[in-house]
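The structure under discussion appears below in the form of structure tokens.
The chains carry the letters A, B, C and D, assigned in the order they are written, with residues numbered from 1 in each.
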């Protein structure tokens, strides 16, 4: 039984890691950490977990030496420090290990990277694309929620040579913004309310472009506009690209590309893609359309931002690192309705 | 591996049975039945289940002989017919086997009972109250969602001798009303909209009174008003009774009564009970309050109507029938947020 | 044109006063006040009001001498101070002038009343019950949202002599909790979540009991449990009383009692009461049921907590004070859907 | 007082016309028509309108001769027939009079136009663009909800000469789909659920292209993907075009273009556009962004689909036809929260 630690377990992704790992037959949450809640029971912070025996510990007072793996759900900058303190395997749900080189990270997040040399030990944790590299890495930069939905939607096309314009309109439930109360997320304000935010300057844009550029071997730009939707979970990305092949050929390309991927479901031609079909699961649904009169191809992807977009993917990465079946603890179908 | 059949698998409780059993190590959904969808894949009806190989069969054309247990999620009246056709174990999610005698059933549901003699083989499937009887029964009448929340909220008090007034205000998400589109459940109508329905004549009232009367040994009446809430899942029952003991003593009584029950969580005195803490789990949360200036005791219970209020409880009953650990496939913590 | 000032205009009830008065032909919002936002445009705080010329002023720096009436939407305690500073007509949306005598107020709100002598100039602003007293008063204590729904639901019965038990289960949208972000109102927490709060100790209980006692001429207790619902607006109160008359007689009593009241709609026997039918209007819908087998009468009332439960009722009171038709600026039908 | 008739008054846009006209000082809803509900009171269909005296009449049994104007909220094809029967002014909320010539209409809606000759008397009812033509027309084709949001977002740019690519991602609340219950709009399905629909083949695409082509004087194509959002009302359109000018110049262009338009609010540079800021009002909010690193300009527009996107705009057109101030009955600020 692998012994797992979670630092920053008092946020939404931490709760989701605990819930999912609770059903894992070979891994066990041994310790949870939180500076603010050290000494308190898990169920004080998350009353839904009433019955759990887990108690938050102060991460400053432990050396993690009895742990097999550490999940980090901490603010940008903090993860690099933990990676210096703990020499075991780390999966960081933040951005500290998502970039190949520290300058783009520093420009994007506005802080100095605390451990730039460790980036050589790190891998971008998108299993469907970088599985073999993940297996060999000590540090995993678990992808952002929007980038996961977008890169999985574009990878087959980019790898097949697409180099044209890419315009992305993404929609997201509110849980991606985290647990701290804000005016934007105040129920009476957010309910029955939707619209774009951080237009043209979202931190996920450099992450998306960086990985797409890796895949294409050249500099790839995207236009990315996220929208906030009055729902708890879910991301839909609608991606507009030039039509360079018939829809049939593109669909075949996607089916072939993902034919061995349990979590990526390239849906049938007549099926609708919507978040409800993936909620509470690690699945990504993909759909392809053409707008023939305007010569555009439209790719749609949907996922649960807290699972395939965060904690589920993190566990998928953990399974890879431990050489376990990748689906372990992640096989559940979505909850419906 | 037990082989399970589900008749009426195209509704919400059917989907939930399939999802939960998918994680069961000793039971397997071998066949799903639906008259309307016979021949179609499960994912045609529930696109969330894309990837499943299950195909709906016509229940009229099978004799269920290779099955170990049948779940029935069919309209009132139909379950009794299946119980005549199949001599194995049956868990009926409807009302056909919830009543001791057929006359109250017939008055409540306005139809003749098709198999009144089978009622002697049947047991009300509320494990925390009737576990030993369930173990010995062939036919289980799985309780209604409101009755589960209410009877578990009242059982300790009634068994301790309470015989006074009982007034119940229940709130429910909309999934209890099923999958068929109606004006009352049309999104633009239901969203931002709440209020009571079936005031004074809900079908669950006789069921609640019947079981409470069994527990008390005398005729017990209740006033029950359900309210429809703009949420998908969840039931909260707020129960007003006379205060005959100190709150401390009542809390001790409840803690003692449920001390071995994994799924019933009598919460700490300062904790809030709300549906979010039980969603997507088989837990029931209970809380106790007093209104000392008016000499009333207030009991609050919360559960997920499709799990502890339906399919989860049905699997709990199945585990009892098969002598498996009762928590099997039901241990998950709630999904939060 | 009456010149109106609003102190504390940066909250939800302030916004609603501004919106409603914007359509008033004989009253005009001349000044809005806020300490925190003094100097800023109304639309900085409420972007929905873009185009308005109103600018927040510091209420400490004005003597209100050019105003005909002051609405106060300020914390408990502050209103009494304004009433000492301004000798004109005041409608307070808080609790400072809702109680006949200061001791109950002080016990309930935990602060000393700053102007207990002024209570003799004050009237409880529930027009359908106290219209003639309102007309003669300088200070109006605008009722709380829950009390409005409950007192209007009980007044005919109490005035007709009812003195039995009263149990009230109320449901409320979240806007009643105000504009400040909190964990309880964080969208990802509140959405799909409902349950009771402040059980047995809500501040509106003494207000309800105080007014009912005035109506009955003797001490009247109630049991009151509010529930929070994932909706922005709306209150439903379900009130359980003993059945002392036939439903027909009670319905006739209510119809007669409210026959001249435009804003109180005693619905037809077969009609559903739900919040959607009153949202964005000053209407209160009332419905009556009996639970004949348990000898209880059930009264249901529904209103928009920010309109009939706050700002709409305040304008209704203003119209009375100015001897204008009571419906002025309040005649709109609800918004549907 | 102008006498107004509404045919098809039993749908959402009909209800909204009645509600808004109820506050109109110079126009009065004299008659409402519905085949299905003829003989029934308005409040039977819309319980929110309890108190109204309006009764549905059969439109087949009237010649509308005593009416000054007819609003039509009927299925495609039916409006043309009414326009042949009634020679007075007509505002059609459907598509029968939105196209210059009948062939594009017939291709789009799959039916023959019943009165193609009348198209010469018709005008596209977008006041901010076609005000002077509207004033002179007998028949007004009230624009679709998506086209209103998109054309107002693009008109300044197109009129200034833009001829490049146009990609539109629109989000819509569910009320645009109408009042009839469907699986897609069933609350338990729709809540917490969002995604694109009718990708590449929505009926509003030809309408948008047709009007943009009129404005540009040449054939203008667009890519348009609508998304369904779990909210009752509201449309947001996010429009991606090539950046040919500085953002500053484009903002100046839009401010100048709409400087006399009360209902179009070009927001300040730092302001967020979201549906909440326009709900229950006739306003359209516009915002402009640049994605400088990818050389794209992003235009965002938001409106209430049932008001500026339907019934409010229809009344705006009516005011123009009657030479009344255009804001009459439409001046209200949005409802917040």
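FYI, a contact is a pair of C-beta atoms (placed from the backbone, for glycine too) under 8 Å apart; a residue touches a chain by one contact, two chains touch by 3 or more.
A quick note: this is a predicted structure, and the numbers were derived from the prediction, not measured.
Chemist: Using the contact definition stated above, find the chains touching both chain A and chain B.
Modeler: For chain A paired with chain B, the chains in contact with each are C, D, in label order.
Chemist: Once you count every C-beta pair in contact for both, which comes out on top, B-D or A-D?
Modeler: Higher C-beta contact count between the two pairs: A-D.
Chemist: Could you tell me the distance, in whole angstrom, between the mean C-alpha positions of chain B and chain D?
Modeler: Result: the chain centres lie 46 Å from each other.
Chemist: Starting from the mean Cα coordinates of chain A and chain D, work out the distance between those two points in Å.
Modeler: 39
Chemist: Listing for chain B: what residues touch at least two other chains?
Modeler: 12, 173, 175, 179, 188, 191-192, 230-233, 272, 276, 279, 337, in rising order.
Chemist: Taking the complex as given, what residues does chain B use to touch chain C?
Modeler: For this pair, the touching residues of chain B are 167, 169, 171, 173, 188-189, 191-197, 199-200, 221-223, 225, 227-234, 236, 238, 240, 272-276, 279, 289-294, 296, 298, 300, 302, 337.
Chemist: Any idea which chain B residues touch chain D in the complex?
Modeler: 12, 173-175, 179-183, 185-188, 190-192, 230-232
Chemist: Which of the residues in chain D come into contact with chain C in the complex?
Modeler: Against chain C, chain D makes touches at 12, 15, 18-19, 22-23, 46-52, 175, 179, 191-192, 232-233, 262, 265, 267, 271-272, 276-281, 283, 285, 331-337.
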